[in-house]
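Two complexes follow with chain A in common, the first pairing it with chain B and the second with chain C.
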Partner chain A sequence: MKREKRHEPELALHIEDLTVAYEGKPVLWDIDVNIPPGVMAAVIGPNGAGKSTLIKTALGLVKPTAGHICIHGYPPRQALKRVAYVPQRSSVDWDFPTTVVDVVMMGRYGHLGWFRWPGKREHRRAMDALSAVGMEAFAKRQINQLSGGQQQRVFLARAMVQDADVLFLDEPMAGVDATTEKAVVALLQELRDQGKTIIVVHHDLQTVRDYFDWLVILNVRVVAQGRIPEVYTGENLRKAYGGRIALLDPDSAGETPDAVPREVVN
Partner chain B sequence: MLDLLGNHTVQTVIMGAVLLGLVSGLLGSFAVLRQQSLLGDTLAHAALPGVCIGFLIAGTRHLGWIMAGALGTAVIAALFVQVITRYSRIKMDAGLGAALSVSFAVGVVLLTYIQGHSSASQGGLDSFLFGQAAATRPSDLWFMGGVTLAAISLVALLWKQLKLVTFDPLFAGSIGLSVGVLETVLTAMIALAVVVGLQMVGVVLMTAMVIAPPVAARQWVSRLEHMVFLAMLLGVISGVVGVLLSAGVSHLATGPVVVLVASVLVALSLLLAPGRGVLWSWLKLWREQRAIGQRQMLVTLHKLAEHHEDPYYPVERSMLDSFYGVATGHILRRLQARGFVVPASHMREEGPHWALTDAGHNEARQELERMDWNQAEA
Partner chain C sequence: MQAFLNDPMAMILLTGALVATSGALLGTFLVLQRQSMLSDAISHSIVFGIVVVWLLTHAQSGPLQIAGAALTGILTVFLTEMVARTRRVKRDAAIGLVFPALFAAGVLLLNLYARDIHIDSHTVLLGEIGFVWLDTMPLAGFDVPQAVVWMSVATLVNLGFVLACYKELKLASFDWQLAAALGLAPALMFYILLGLTSVTAVAAFDAVGAVLFIAFVIVPAATAYLLTDRLSLMLLLAVLVGVVSTLCGYPLAVRLDVSIGGTMASMTGVFLLTAFVLSPRYGLLGHWRNRRVKVPG
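Entry: the complex of A and B
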């Protein structure tokens, strides 16, 4: 088999027959996902649907049990410089002794190679990204002085300096203020308009239609995927969330309802 | 004191303490930031069976064999913890605790076996429990120096990678860093540092050398490079001061004194460090309370003046006292010092009066605007 040949290069993200299991239990089971370049895609699904695992596998952080993944035609380990990643804010210790601009410069480490240290150019790139997210005044601050929304902006700035074609974001709107949410969405849409592909694990069903143009509904298997108008239907949401969903628009006959996920005890 | 410094044994022990301080401060910083402070403890206790095995192989108290054995079992314990946390549901703390107690139990069993069976030169092995600094020989310094140099070069070379893996391992993995390899390298280096400290501080107290200097350093500085540097410095200070104290007073065990000095540094740092210290937060709270009192007073005076349609309306202090239910003289005097109020005379038979200045009215108006704005936000 010719390994150099790109597989499905016209897709930003191509996942085929992918199964991922933790301790023998499948978290993702036999899924196919295809996301074209230049869209802003939401990955939604109930808790434990495998949303974060999907992203981590696409980044090469989790080894698939079966199946394969390609990013612009390359397997994840060969596409490192084409992807950027915004992990969940809560996955790091924000009391770590470092400054805002330092964290943003970490986005350039992958391009620097093993032994080169970040210098003036990296600093300038970081400052540009910080002003794009409205945080340039905080560059020299300690990261433990940031609010949740500011932390998220810093993480987004770090992803921006990675110069990637595909951005993966894990719950970037979780626990941030409304102003930050709007700013983050506007920035992501701007990046999409520049031709980048944005893939976001999202939890707020109410905003899916406003923010995104592509949707993957996940619940261990893929429930539905495609452009929002075709995929964001009451039927699909019910399939994914089961009884844990309240559809607010019963009149619209499940075409494009306003839906609110509701955790049901038992 | 000068006599002490001239003494060859003391010189050797001081050099050893300096090297131990450097290496434990350096590697301890990463262990503490990765929230693996207990790793040092586990590695130290796991070194004890290795000490005994080394002794059994060599048949005598041969330091080379003992150190090799210590490093061997420490690394085995570390790998055991890594494997068990990765491939089972056991969490890090439980894994560390299990490895610590099991290996220490094996160590003590071996130790008592040796003491019961080995005929000659069995004495002295239990000095590894609490350390015996005076037994440090000049030749040991080469080993300690080598380990210290290796650790410093490694951290300098891989600074960027170690920093990223410590702060954000997920992101580090996403840009292609081999997180597992870097973590193993760090753990192996910590095991080496622990082995270096065994002879001086002993397995039981070695963890304090790994934890205390970085924890103290973190209180004072807020950049990783400063923290590592300061932790090394504090490690050296605890080592040298501890050695001198124990050498100056007869019959004091060096290791525990070194650990106590390090603990005093931690206590002082927790109490005094600007920004993070306990005293500092009290001071800040007290200042804020004072500022709130002053702001309230300004607004009250402003409203009273508005109500009386006289911007320089003099308010009697006893009235303010009864309104607030506390003596307000000190608040008014502080506002006077800031130029916001002036004492005003009114009628001779009444008490002291105060009136707002123009600056005071301005400040009060700004305060009111801030309040409106806060309400609008809410």
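Entry: the complex of A and C
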């Protein structure tokens, strides 16, 4: 097989001229995104902005209409072992007949390769990851006995055993308790400090500045991207959310609001 | 050995047990993927494949028929996905559109061109497991009933597939997106699963017919689902429920003088009902008991 030259290898995620359309309707329109390695990035934007689609395309789950994607310089199909994915919790059936530790071991399936059964080594890795997320006591539980926050920790443990350089998470804080949210954020920051790149679809504008150091604001097109201080501005947020954003601080008409913006639920 | 192979009762029970085993192995994953009704669709539309292959080659069974059935099964799924992808029709309705069309086409062709063939609408629906011992073929010096030969092959292939691709099937059933992201081809697994369902359906055709086959695919798996929360145990229990149903069904059918295949399938229903009521975990009894016990954690 011809080995192609790596394209933009110094970027964890490089997206160029990407358009994704479902039935002729563009969900992402001609976007360029560059995320350097070792950051914890939030992808924010209103409903229908294409946040989940962006992640799914980067993972090779959705075919782009145009443009290309590189993960550490490799196209998605060649970067399978470099990326881990935490889907929305609701995307799987929690009544599935399996245990917590089994679900975490699934993160090793890619490394195991075809036909090989997981064994002691995979089990040990899964148990280590479960202790890291504080869920080792639940290892033998049936997964339908978990709370939302516990489900999220299990998914995070599963992503950790994938040994990936880039982690994609789709709304990991949605519907989890405050303790879990703090634990998840601390774990993700720890992974970032180990040099991994964390890319999170996030919906809570209030916590963006506390949790993340990189930001991509999306609304079908890229509104802004870069380090939080330069990008997290009232102007950019208004551009993405339009009239649906209410800046609570009256002085926030300025360029860099200290106010807490909140997405108005319609 | 030949005496065993000539014994009608032994052959009927063996055929039934093989149909139950091969069906339950696939059914477990179909039930978990919420695709049970695709087995219904497939087992009907393969009638079309069987008739077309017969018209082209005059083969009533054997490898050509099996290949034809597998292709028709996959065609059914492919057409269903295509209709659903237009987003004008919901997926369940798409299944309901495709398989009656193929089934009707099959029955029509049967009526027009193939009146003499042994397939008639009664056999298509119910099969006749009571006569499987009559239709034999020579194999390794013995006269072996064809149904036993083909069902054994189907059972071994299904077992081999489930054992080799256990983790791939498990992941595709639990988390399709992760399976795809890891490069473990969930769509390929899905199509092989349905291809094997078609092959097994055509092999089981003579014995239990299209409709009763569905019972052996879905009901034992659904029963096992109520009894355990481990996938491996669910597979084992599904096979066990299917096999025990055939073993209890036969003497009951003889005593009541009714359809053997029908009674075997009805027994799977009896087991499902029993599990539904008595299962310690998910049955009514368990539900009633659990309500009074505080769930830990």
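Just so it is clear, the second predicted complex is superposed on the first by the 249 of 266 C-alpha atoms of A that agree within 3 Å, B and C clash if a C-alpha of one lies under 4 Å from a C-alpha of the other, contacts with A are read in each partner's own complex, and residues count from 1 in each chain.
The definition used in the following text is that a residue touches a chain if its C-beta (ideal position, glycine included) is under 8 Å from a C-beta of that chain, and two chains touch if they have at least 3 such contacts.
These numbers were taken from a predicted model, which means no experiment stands behind them.
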Determine, for the superposed arrangement built on chain A, whether chain B and chain C clash or fit.
clash
Between chain B (first) and chain C (second), which does A:Q142 come into contact with in this model arrangement: first, second, both, or neither?
both
In the overlay, answer first, second, both or neither for which of chain B and chain C A:G234 touches.
neither
Applying the touch criterion given at the start, work out whether A:P87 contacts chain B, chain C, both or neither, answering first, second, both or neither.
both
Using the touch definition from the top, say if A:P64 reaches chain B (first), chain C (second), both or neither.
neither
Could you say whether A:P46 touches chain B, chain C, both of them, or neither, answering first, second, both or neither?
neither
Using the superposition described at the top, list the residues of chain A that contact chain B and also contact chain C.
23, 56, 59-61, 77, 80, 83, 85, 87, 91-93, 96-99, 103, 106, 109-110, 112, 114-115, 117-118, 142, 144, 158
Along chain B, where are the residues that touch chain A in the complex?
33, 35, 89, 157, 159-161, 163-164, 166-168, 170-171, 173-176, 218, 221-224, 226-227
Could you list, by residue number, the parts of chain A that touch chain C in their complex?
23, 56, 59-61, 77, 80, 83, 85, 87, 91-93, 96-99, 103, 106, 109-110, 112, 114-118, 138, 141-142, 144-145, 147, 158
Could you list, by residue number, the parts of chain C that touch chain A in their complex?
32, 34, 87, 164-168, 170-171, 173-175, 177-184, 225, 228-231, 233-234, 295, 297
Residues of chain A touching chain B in their complex?
23, 56, 59-61, 77, 80, 83, 85, 87, 91-93, 96-99, 102-103, 106, 109-110, 112, 114-115, 117-118, 142, 144, 158, 162
